[in-house]
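The same chain A turns up in both complexes below, where it pairs with chain B and then with chain C.
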Partner chain A sequence: MNMFIYIILLSVFSTPLFSAELMNAEEIARHINSRDEGIAVSRFLTMELTDKRGKQRIRKTHAFRKYYDDEKRTAIFYLEPKSIKDTAFLTYDYQAANKDDDQWLYLPALRKVRRISASDRGDYFLGTDFTYEDIKLETRVSIEDYNRQTIGEDEIDGFHCLLIESIPVTDEIAAELGYSRVQQCVDDQIWMVRQSKMWDLNGNPLKTIHSSDIRQVQGIWTQHILDVVNHKTGHQTKFMFSDVQYDKEINDNLFTKNTLKRGL
Partner chain B sequence: MLNKSKTFASLFFQAVTAKPRLVISIGLMVIIGFASFIPDLQKDTRTDAFIPEDHPALKFRDKTKELFGLEDPMVIAVINKGKNGVFNPHTLALVDWLTKKIAKMNNVDPDRMTSLATENNIIGTDDGMLVQPFIEQLPINQQQADQIHDAVMDFPLYVGSLVSRNGKGTLITAELMDQTKAQQLYQNLLELIETAPVIDGEEIHIAGEGAVSGYMGAYIDADAFRLNPIAAVVISLICLLAFRTLRGMILPNLVVIATAAGALGLMAAFDVRFFVITNALPVVLIGISVADTIHILSDYYEDVALNPNDHPRNITVRTMERMWRPITLTSLTTMAGFLGLSLASVMPPMKYFGLFAMVGVGIAWIYSLIVVPAFLSLLKLKPSSAHKQRNNSTHTEVDLFGKVLTRLGANVIRFPKSILLLSLSIIIAGGIGASKIQLDETLIRTFDRQEPLFIADSILNQLFDGTHYLDIMIETTNDEDLFIPENLKLIENLQKYVESLPHVEGSTSLVDYLKQMNRALNEGRDDAYRLPENANLAAQYFLLYSISGDPTDFQEEVDYDYRLANVRIRLNDGRYSKLKVVIEKTQKYIDEQFNQPEITAKLSGRVNIDYHWIKRLEESHVGSIAIALLLVWLMASISFRSMVAGTISLLPVLVTILMIYAVMGYFGIWLSISTSMFAAIAIGLGVDFSIHTLERLQTLIRDNHENIDQAMLDLYPSTGRALLFNFIALSLGFGVLATSKVIVLQEFGLMVAVAIATSFIASMTLLPALLKIFKPRFIGFNRH
Partner chain C sequence: MNKKLFCALVLFYLITNVCLAIELEHSTKVKAQWGINTRDGSSQSLNLILQPELVFNFDNGIRLTSIARAHSDLISNIAPGSLNRQAYNPVNKPLLASHELELELREFYLEAEWKQTYFTLGKQQTVWGKADGLKVLDVVNPQTFREFILADFDDSRIPQWTLKLEHTIGPVDLEFIWLPDQTYHALPEQDSTYGFTSLRLVPSQPPAGVNLDLRKLERPNRFIQDSDVGLRLTSFWEGWDLTLNYLYQYDNLPVLFQQFAQTVNGPTVTVTPQYKRTHVFGTTFSNAFDDWVIRGEIAWFSNRHFLTRSPLINNGVIASPELFYVIGLDWSAPYDIVVSTQLFQSWIIKPSNNLTRDKHDTTLSMMLGRQFLNDTLEIQLLVLGNVNDGDGMIRPKINYQLNDDVKVWLGADLFYGDSNGLFGQFNHNDRVLVGTEWIF
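What follows is the complex of A and B.
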């Protein structure tokens, strides 16, 4: 094959790649957010927290989440380690932006349920590297907080994905979230974010969240492993979900102070 | 023996002057060779540099620092000494403004800042716990500001650290992304506070370990650029005054350049870093290295005055034959002084200072014996107006300096016993003074009192719990053992005890956080500010705290396994004499009341390091004096082949050192970095005056048929005059250090300058008086 034909062929085959319009970022976000997450879910969650020296804290929990009309309720019951067994955490997240979330904690050693003031969106969640906002969104993205655009494509864990970059709409929102920029790698087959990178308010690399072991459970695409690395502190968090059930009946009573205290 | 060495000396200096241009070229090339290394010199301005890198206290501090992620943040203090202190709408807005601006600065970690504007209050309520910012919204009136005041003052963990106990000050701390760029951030912060909206009564100060080490670098440079030129100019002027010829000025400077280039070049070549006190090295070497040349030139010009028509090479060789011995001996004794300092010091900066000063003196000696005669033999004879032949005499004309010394000599001859008596009283006073000297030092003293950093440090230590940290690492056996109530109780008692010691203003550990949580979960009752009663509750409190806390929130207090804890003690005084009490009493408490098989405590932190290296100053002081005295005595004894001579030559320096002890004891001057270094150096340098004096008197007494009075009268205008300029050069060389901005160097320079002056005077008075009274055999007296 002479060089001329080679160049012709190369340009013919590569042209569509360069000229194809990548999907608009807002449209990608809509795809992500319209994905089914199930009304309610029950799952076992193991939190593996690792500090920069490699020391670990492993906490096993049984966690429940259920969507209501304009709120989302979460309950987490600690199973291990022994010293915090039966500690339980309950949250009501309200959709309305002006309404603070409600949070309660049951401390078995004190035998009391205590109401805890709402956490800020940028606060860290239960000593992990996730913020409350990260946890609240689960697999979704926030439409109103960011301006976003598609900046390219990539491949992660062997899956094709579209790269979108999101910048908080205002400095105030950036300060609330603790991020000045977020870059996400979105699998355009199943519309799930496979990797997110965050930068702090001064533009320093802050953390990377990586989802893996994504497979369908009862017809719903479910991530089973979440890894977060904080690049500044060297702290890491690994969430491992098991026994995920979307079809199990979850009684509304579960999300009450009484159940917190009584246990499952 | 004498003739043999004379023959050898004669041959040697004939050889050196045979091909003078070659010798000079080689000499210059060696200088260039040395100098080429100098650009590689690395500065080391860390306060840690004062202690050997492998010292256990330093290693343990580094371990705890790494373990608990202890950082050296920038500390910005906002002060308002008005009625309401910082708790007024304007000052709180200023704190908020500064916090936001600083968070955006380069090299600041925006997630690791603390101030009143970032911190949360934890309030116990009837049904739970409220975590909310102290300043939710900036107050618009005094009443709101008062509420913030009350809230902060009700939060024990922050009182004394985040805000001063009297409410007049508050701190903003900012951790750095890159500690090595602290100097730039410190400068940027200084610029920022210039633009801050400050009103009357408000002050902003910047301090912190980060600021100190950053600032020190610039400080050294500025100092070096001032000191060295001054020293060079001063020395040149002295040489000009002494010889009033161009060569009399240039030759000593050549030796100076060789010496300084050699010492610094070798430091660079051996990868020895440039410390704060290394700044004194070139300055000191400038003063010392000219001494040899001054003595050579003095003799040379006397010879020239007596033999104006002789060949330059003959005069040079004759001069060198006479001078090589005293010059060699004095160089060796000076080197011995520095060696004593180097051997006895544990602190790397002092060790290397002594070592490379010794090397420098050696280089000066070599150049004085080889390159200087080569030069002199090449130059046409040109008499110095300072040395003229006296009519029909074998003596030279005496100038003003010579006359003053002759007058001094006449008095020494007349009152030898009074001089002896005076010296004896100085020795006694010195003995008493020495017993009163206190060892003390603090690093902040390095800086000039007018420096913003010094002022900031004083204010922080006055208003807050202090900037001097003593860390105590607690170690238990198993993971989560720190939750055990007995262990927590032990730590609580340890803190209580240490806080009862003088200058300890506060302490923080996980105990304080647990008490705070316990209170918050018990409706905020004051009586609930105590430790939880069971281990699980402690564990659950930490979980509770983590509900909205950063995963690294407690890294400074406890390790990830809850097995190791750090107790941070804050002192408001960094002086050794104060640290010593705290350290030694705390250690005793730990040994006797704390340590058990299951739980142990160990001291760490900056304060512990300072304690260890300053403690060693005393030994290194005594050790360096002992080594210097012994070496100098040995050399003088061997050289004069008499132990009496060795002892007598040491007497003037002994009187000198004891006189300085008397002054130190009387005025309460500390034995510190500066004052511990002076003695060994003063011995090595001061003894030179004795050696030159004795050496010359030996000859003069022989020439004058044992007539001591006549010998002394001949001594003063010649050797006496040379020693006078030697002393002036040395004193001024060290005196230049007094203009340094580094206080340690100022004191060091002054001490040595005074010591040299005293040694000179003692050599000119006490030494001849002793010889006159005791008529020792070594000097040439026959006792029959």
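What follows is the complex of A and C.
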């Protein structure tokens, strides 16, 4: 009898119904977005752009980000190469879904700060394989743009991950973002996306983003290398962050069009 | 520019920089372009620009920027020597080493911040406005018309000695400018490639038997009384980038007063070019809505001058306020194509029926552009057309970024329309361009 009960219990608890359920994808997204990113950060960012023939272009920038209640401001100043030095990008990202972000680009050749349409978010950012939206989100995910579900588990660079799949809420949003599907591998110990795979609007593999050299800086988990491979064009982008500082005082004036124009 | 002053400035900055600078940034731009006239295959221009730039960052936060420029064109009719240089203030005038070569201290300015006021002092560019292709409020600095409006604004704008103060009060940025440098538009000589012939800009040639007496340009030269002054307020409100602008300046184009008289030499038309003061009140705005960016500029000039059909009418010139504005729409179209359209309209306020242009004048522009290969290849088409005269220009261009430092381009500047039109006057100047730029 005891043996019979044991077999029954074993068979019941081994069914999927009672297995340890994977965390709901929305909850994972909330964990990702509530991870401490610091109020502000200053860092140098080197961009390595490599085309399919191996020809390389390198950009060096100084980037700043600061939160203001429900608003995030980001400024990126180009330092090298000399041909695009002083180009600068500024964005005010609002939490409210019904409010468009405000974005500006300073082009030194024109000596003018130009307003950029926020719905260009699916466009590629200044020749990289990241879109404006990728740049804006940094390590976060967009809650309102996608329906998502947890589809399994995986391992990236030896770290356990939860796999979530995100589908844009509408075709219109998919067209804006340039993605029909996104699959992300989320480290459930530090709630950071270690790998993202994107598919284009026709369902073909578009690109893969891989985060590495993730370590704590002043107590905040920080990715230091981002590799993107565009499967359609063969183009690759590598972002390398250095001198990351969360405790540096960042003047509010940095996030103004005047500073964009004057440079650092 | 006066040679002694030029040397003194170079010496000054070398001494100060060697002594105090803690960080030096330097770059050099080399730009070469060959223009071929499509009518006869002759070379229209063959120019070379060498532009070294030094930026010294001092340990006290002060920054000194110095940009020099050597500019040569081997084709005589478009070379630096083909430009009328009377409009330059002597302290701003480039040094003409030969007909084909000019040397210039292009920009030379100090930037410093003191008690939350940002100072920029020296020879610099002041850029206002949001329009592309034509200028509405971007009239603070004059420009050279050696190649009409075909050169990049950054190259054709004439930097001026300026004091600029910027200060932020609450949500408003204030910019005050004072320009004691009396330099105005540098116009090409009439027989040069882009010399003006349109009746909108220059009086018609006197009939046979009537002499023309063109007097020397009367350029204002009093340091304080003849300086220009301006104020710009900038704010960001509910998603709108807004500015209010005011400028008290001498209009950068001379007024060509004409007088007909019987002289001992026979009937003569005397043309006296003079600069006239105007107040400029303006505003600019821009905002983004979904795929669209709307931008615009409105300018009110209190005192502008327009040519009449005859020197006998009001000395050949009518003075009137002018309302000039531009509305632009930029559309991020499907397939990453950018479509930018603009409507420019100029209204002469004072009634007159004897002008060489219409009272209401409309120009339309459209730019189509797309980037390829991760922004290394850019294809662009710009069309500018004047509705009243039915003339315009078409400018296709392909840019290719060979690597981080070098880009090459192939393009064309094609004019159409009547020879009396602003664009049509250069109908015989259609050209194909090849060029390269190297920045290191």
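Keep in mind that, in the parts below, the second predicted complex is superposed on the first by the 219 of 264 C-alpha atoms of A that agree within 3 Å, B and C clash if a C-alpha of one lies under 4 Å from a C-alpha of the other, contacts with A are read in each partner's own complex, and residues count from 1 in each chain.
One rule holds in what follows: contacts are C-beta pairs under 8 Å (C-beta built on N, C-alpha and C of every residue); 3 or more make two chains touch, one makes a residue touch a chain.
What you see is a predicted model, and the numbers here were worked out from it, not measured in a lab.
**Student:** For A:165, using the defined touch cut-off, is the partner it touches chain B, chain C, both, or neither? Pick first, second, both or neither.
**Tutor:** neither
**Student:** Could you say whether A:235 touches chain B, chain C, both of them, or neither, answering first, second, both or neither?
**Tutor:** Touch partners of A:235: chain B and chain C.
**Student:** In the superposed arrangement, which partner chain does A:111 touch: chain B (first), chain C (second), both, or neither?
**Tutor:** In the superposition, A:111 contacts chain C only.
**Student:** Applying the touch criterion given at the start, work out whether A:102 contacts chain B, chain C, both or neither, answering first, second, both or neither.
**Tutor:** After superposition on chain A, A:102 lies in contact with chain C alone.
**Student:** Return first, second, both or neither, reflecting whether A:258 touches chain B, chain C, both chains, or no partner chain.
**Tutor:** Only chain C; A:258 stays clear of chain B.
**Student:** Between chain B (first) and chain C (second), which does A:132 come into contact with in this model arrangement: first, second, both, or neither?
**Tutor:** first
**Student:** Counting residues of chain A in contact, which comes out ahead: chain B or chain C?
**Tutor:** For chain A, the partner with the higher number of touched residues is B.
**Student:** Scan A:51 for contacts with chain B and chain C and give back first, second, both or neither.
**Tutor:** Both partners, chain B and chain C.
**Student:** Taking the superposition as given, does A:71 touch the first partner, chain B, the second, chain C, both, or neither?
**Tutor:** In the superposition, A:71 touches no partner, neither chain B nor chain C.
**Student:** Show me the chain A residues, by the header's touch rule, that chain B contacts in one structure and chain C contacts in the other.
**Tutor:** 49, 51, 55, 57, 81-83, 103, 109-110, 112, 115-117, 119-120, 123-124, 126-129, 233, 235
**Student:** Using the touch definition up top, name the residues of chain B that touch chain A in the complex.
**Tutor:** Contact set of chain B toward chain A: 66-67, 69, 103-104, 106, 108-111, 125, 127-132, 177, 480, 483, 521, 532, 534-537, 539-541, 543-544, 546-552, 555, 559-561.
**Student:** Quick one: in the complex, what on chain A touches chain C?
**Tutor:** Contact set of chain A toward chain C: 49, 51, 55, 57-58, 81-83, 85, 100, 102-103, 109-112, 115-120, 123-124, 126-129, 233, 235, 253, 256-258, 262.
**Student:** Quick one: in the complex, what on chain A touches chain B?
**Tutor:** On the chain A side, the touching residues are 49, 51-53, 55-57, 78, 81-84, 87, 89, 103-105, 107-110, 112, 114-117, 119-120, 123-129, 132, 178, 200-202, 204, 206, 230, 232-233, 235, 237.
**Student:** Spell out the residues on chain C that touch chain A in their complex, using ranges where they run on.
**Tutor:** 27, 111, 118, 125, 127, 129-130, 152-154, 166, 168, 173, 234, 236, 239, 241, 286-293, 295, 330, 332, 336, 371, 373-376, 401, 403-405, 407, 437, 439-440
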